[in-house]
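So, here's a batch of structures to check.
Each of the next two complexes has chain A plus one more chain, namely chain B in the first and chain C in the second.
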Partner chain A sequence: MKIEDVVCPFCGCLCDDLVVEVEGTKVVNVENGCTLANEKFMGDHRLNAPIRRAGEGWEEVSYNEAIEETAAILLDADRPLLYGWSGTFGEAQSVGVHLAELLGAVIDNTSTVCHGPSIMAIQEVGHPGCTLGQVKNRADVVVYWAANPIEAHPRHMSRYTTFCDGFFVKSAFRERKVIVVDVRETDSSQVADEFVKVNPGGDYAVLSALRAIVRGKRDLIPLSVEGVSREQLFRVADLCMSAKFGAIFFGVGLTMAQGKYKNIRNAIELTEELNRHTKFTISPMRGHWNVYGSNEVFTWITGYPYAVDFARGIAFYNPGETTSVDVLRRGECDACLVVASDPGAHFPRACAEHLAHIPTVQIDPHVNATTHLSRIQIPVAVTGIDAEGTAYRMDGVPIRTRRLFFGNYPDDLEVLEKIYRIVREARG
Partner chain B sequence: MPLSLVYYAKEFLRGEWARKFLAAKTAPLEIPPYFRNYPELTGKTCTHHLFCMMACPAPGAIDVISTPEGWKPRIHIGHCIRCGLCVEACPNGVLSSGRILESMFYDNTRLSFSFRIDVDQTKCMGCGNCAVACPVNKLIDAQMSHGGRASTDDLLLKVSEGKCKVLHVEKCTGCKTCEHHCPNEAIRVARLLEAVHAPEEDI
Partner chain C sequence: MRVILKTRPREKPRVPIEAEEIIPQNFLRKDDITVFLGNKERSLDDLFFVTIEGPAVSPDQVEVVLTGDTGVIKRVGEYMNAGRIIIEGDIGMHCGNFMSAGEIIIRGNADSWLGREMRGGRILCEGNAGHYCAAGYRGEKRGMRGGMVEVKGNAGDFAAEYLSGGEVVIHGNCGDLAGVEMRGGTLVIGGDCARPCGNMTGGTCMVFGKASQFLPTFRANGSQEVEYAGKRYRMNLFRGDVANRGKGTLMVRA
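What follows is the complex of A and B.
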């Protein structure tokens, strides 16, 4: 059976034009999707049943047993951490926030190690952004700053920016200019009209130099700024200022480089300066397919986008204190529920070590690095394949993912609701 | 030394030699019609098929540029080897050089083109830049050029199973847009050029 307009639950592009062929409970062919989408749909490495650590090995347990033990672990903990959420749908995220409130837990999503600093900068100076549709139909200058879309968001350039014909940009790649800024040559820089190679950690200075040029202070610019020649900076600034509509996309290379959220603040302020000359927007390249959704859901329920601490009975947010890396590094948390993410692969070693010491439960369809730190793993349906729910694209557009077939696994929502019910009964 | 000077003077100051040197009658400096010079524009309309670029064996000798009057081939004299393949290849007679076109007509010959697209499946990320940028795809399926959704299998290229797949290589015009815009250097377009002796009615 061929299913059209399938939504890809891999990266923040959330492409919704895939054609997927299904036989029974197996995906047999994927059309229009990139390599990452193909692997996501065709991959067949799911865990069969919940597993629990037994001595040196693992034993299979029933869903009810795994769920009851998870609830017991969370109820027993003084400072539980509920981490992840970016790889599941909004409805499940919502139950997660309510569970955190009931437990007095810290709840955090993967933004904490990716675009958290972007959110902090946006909280300071706002977000002059737009949807990807606007970029597709209008942008004649596209800047990728410290992002490599070809590897991380393969269809971003062909679906929304450089190569895609738009309503006002009839002959896409001939009319659009692409500027790539990075510390090294990448696949994306291969297709750039202008590649700006910045010294590692030099983004802030380069952004400041561009701001000065856009403000008309060319005389102040030294011969070279962090490895970028003055002539190239003038060229880039002129290209941006002469655009009819420009769009900056920035990646984790900017948020996690030296300067962190100050880099993003500077980039947003550069966008603001450019808007004195033309129309310019800036948007983060969000990684997980629904990381934007986790920020949305957290914000509409608690008021804060990530790193929310309910220990005081009210929502408290202080990045650097309530962020999961800090909570784990200080050894504060005494139980952890990981949902739809892989901190074992992405967190600092000290945090992973602490996760291995405390009872950690993972809810995820696949075996990953966190499995090896966990006490229990509960496999669930993969959203977008055998479960459906709402996700937010990287530009904040909500898109409902589709269920392609009914499988044998419960989805995140069912498992979390069961845990929530047990906790609510116990806490009265 | 003085002897040598005398010898030279005897040799070059002969009246007969000086007369011949100054009043020599040479052939007029005109290029004969059979001489194959650098290609020139005939003024006919270029339709941007790029066959001239594809036929040219000398790197950088010809390109087709967009001018306010439309597309025009541009010959780079220092690179051109005057082989005349571009003149033979052009379907619209935009270029001329000597009697190439006449001799093609009398000899009943023509150039036959075909192209081969190789995709390195290990390098391809399935980003779809090639399929979306492809001008042939653009004419076949507007949805493809507006975001990479393939709505027909008549396309030249499309992304299937996470990789770029060549569906109808016979539709390729050899423009190499896909090759130039592949960020992974996964696509190579090769030109297969054959000189054929065609039946009279084909010309």
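What follows is the complex of A and C.
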């Protein structure tokens, strides 16, 4: 059976034009998808049943047994951490936040290792952003700063920017100017009209210099700023100021580089400065599929987008203190529930070691690096394949994903609701 | 009055304790002081051996001494407005948050957010301070507004972020972006630092060591002599950050 207009469950682009062929409970073909999408739909490393560590190996247990033991671990903890959430849908994320409040836990999502600093910068100076549709139809200058969409978001350029004609940009490839700023040449820089190579850690200074140029302070700029010549800085500033509509997209290369959220703040303030001359917007290239959704859900329930600490019964937010990497690195938490992510593969070694040291439970369809650090793993349906729910695209547009077939697994929502009910009963 | 708080052994020593109630004025009028161990509220006696010596009639006469495993205790001295706290070892995050008067002396190291948004009083840290020393809370437009923070050792990144008033003296080195978004007050760095005063709009920062990765958006403005630690130094003067119409003063040793 062929299903059309399927939403991809991999990256923040949430491409919604895929055609997926299904036989029974298996995806056999994907059309329009990128390599990453194909692997997500066709990959087959799913766990068959809940497992629990038994001595040197594992034993299979029932869903009820795994869920009851998970609830008991969380109830016993003085500082539980609930981490992940970006690979699941909004309805499940919502139950996760309520569970955290009930437990007095720290709840954090994968923003902590990607665009958390972007949100911190937005909290300082706001967000002159727009939807990807606006960019597609209007932008004649596109800047990719510390992002490599050809490899990380393979269809971003073909659906929204370089290779995609828009209502006011009839021949995109000829009419759109593309600027790529990065510390090294990438596949994306190969298609750029202007490639700006910045010294590692030099983004903040280059952004400050561009702000000064746009403000008319050209006389102050030295011959070279962090490896970028003054002439190229002038050229880039002129290109941006002469645009009819410009769009900056920035990646984790900026958020996780030296200076972190101050880099993003500087980029936003450059965007604001450019808006004195023309129309310019700035948007993060969100990586994890529904990470934007987890920020939305966390914010509408707690007031904060990630790293929320309920230890005192009220929500407290302080990245650097309540972010999961910091909580784990300091060895604070004494139990961890990982949902729809793989910190074992992405967190620093000290964090992974602490996860292995404390009772860690993972709710995830696949065997991954975190499995090896966990005490229990509960397999669930994959959102967008055999589970449906709401996810947010990288520009904040909510999209309802579809269930392609009815499988044998419960979804995240079902498992989390059962844990929540046990905890609520125990806490009265 | 002298209050001595010695930590009791704990089953999970790395679970943080939140203890904003440990301020001198509370020991004068409260006998039900509680702290949080993770997500559980505990009485002070559950976590500390408490010894009280002598009387006091005002908070100014109260001295609180913390000893033992104090490195994970957060928020000590938050909203403190009188008296003195002496910490014999390290102290956790947010020590002296919002304090308006009194004195905190830390014999060891202080974790991040030491003296966050402080209004008055004095903090002396004899060891090193973590990140965001004398800075502001997330999204807050003003950091420390008054008083003095002195760190004998080094400080981490973003020291004195959003500094708006008062004086911060770091005798050692600072990490990245010290004095970033500064808009008032004085920041003195005795050692080295990187990218000082990005986006500053006001205030004065003096760097007596080396300022690496100096930002291109500061305008040279002559030089002058300044005294620090009993010696006079010739300092290069800069005005900025011009990326932000800044009118701050940055001085770096010539």
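Definition applied: the second predicted complex is superposed on the first by the 428 of 428 C-alpha atoms of A that agree within 3 Å, B and C clash if a C-alpha of one lies under 4 Å from a C-alpha of the other, contacts with A are read in each partner's own complex, and residues count from 1 in each chain.
Rule of thumb we're sticking to: a contact is a pair of C-beta atoms (placed from the backbone, for glycine too) under 8 Å apart; a residue touches a chain by one contact, two chains touch by 3 or more.
From a predicted model like this one, the values you see are computed outputs, not experimental measurements.
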- Note on the structure: Comparing chain B and chain C in the superposed model, the one touching more of chain A is C
- chain B versus chain C as contact partner of A:418, first or second or both or neither: neither
- Query: Touching A:79 in the superposition: chain B (first), chain C (second), both, neither?
  - Reply: second
- Go through the superposed model and pick first if A:115 touches only chain B, second if only chain C, both, or neither. neither
- Query: First (chain B), second (chain C), both or neither: which does A:138 touch?
  - Reply: neither
- Item | Partner chain(s) touched by A:177 [first = chain B, second = chain C, both, neither] | neither
- Please indicate which partner A:36 is in contact with in the superposed arrangement: first for chain B, second for chain C, both, or neither. first
- Pick one for A:286: touches chain B only (first), chain C only (second), both, or neither. neither
- Task: Check whether A:402 is in contact with chain B, with chain C, with both or with neither, and answer first, second, both or neither.
- Result: neither
- Of the two partner chains, chain B (first) and chain C (second), which one does A:209 touch, if any: first, second, both, or neither? second
- Task: Could you please specify the touching residues of chain A with respect to chain B in the complex?
- Result: 17, 29-39, 42, 136, 150-151, 154-155, 157-160, 162-166, 172-173, 187-188, 190-191
- Across the complex, what residues on chain C touch chain A? 12, 14-16, 18, 36-40, 72, 93, 112-113, 131-132, 137-139, 176-177, 180, 195, 198-199, 213, 215-217, 219, 241-245
- Residues of chain B defined as touching chain A within the complex: 124-129, 131-133, 138, 145-150, 158-163, 181, 183-185
- Task: Quick one: which bits of chain A touch chain C in the complex? Just the residue numbers, please.
- Result: 77-80, 103-105, 120, 123-124, 201-202, 204-205, 208-209, 211-212, 215, 217, 220-222, 225, 258-259, 262, 265-266, 269, 310-312, 317-321, 330-332, 334
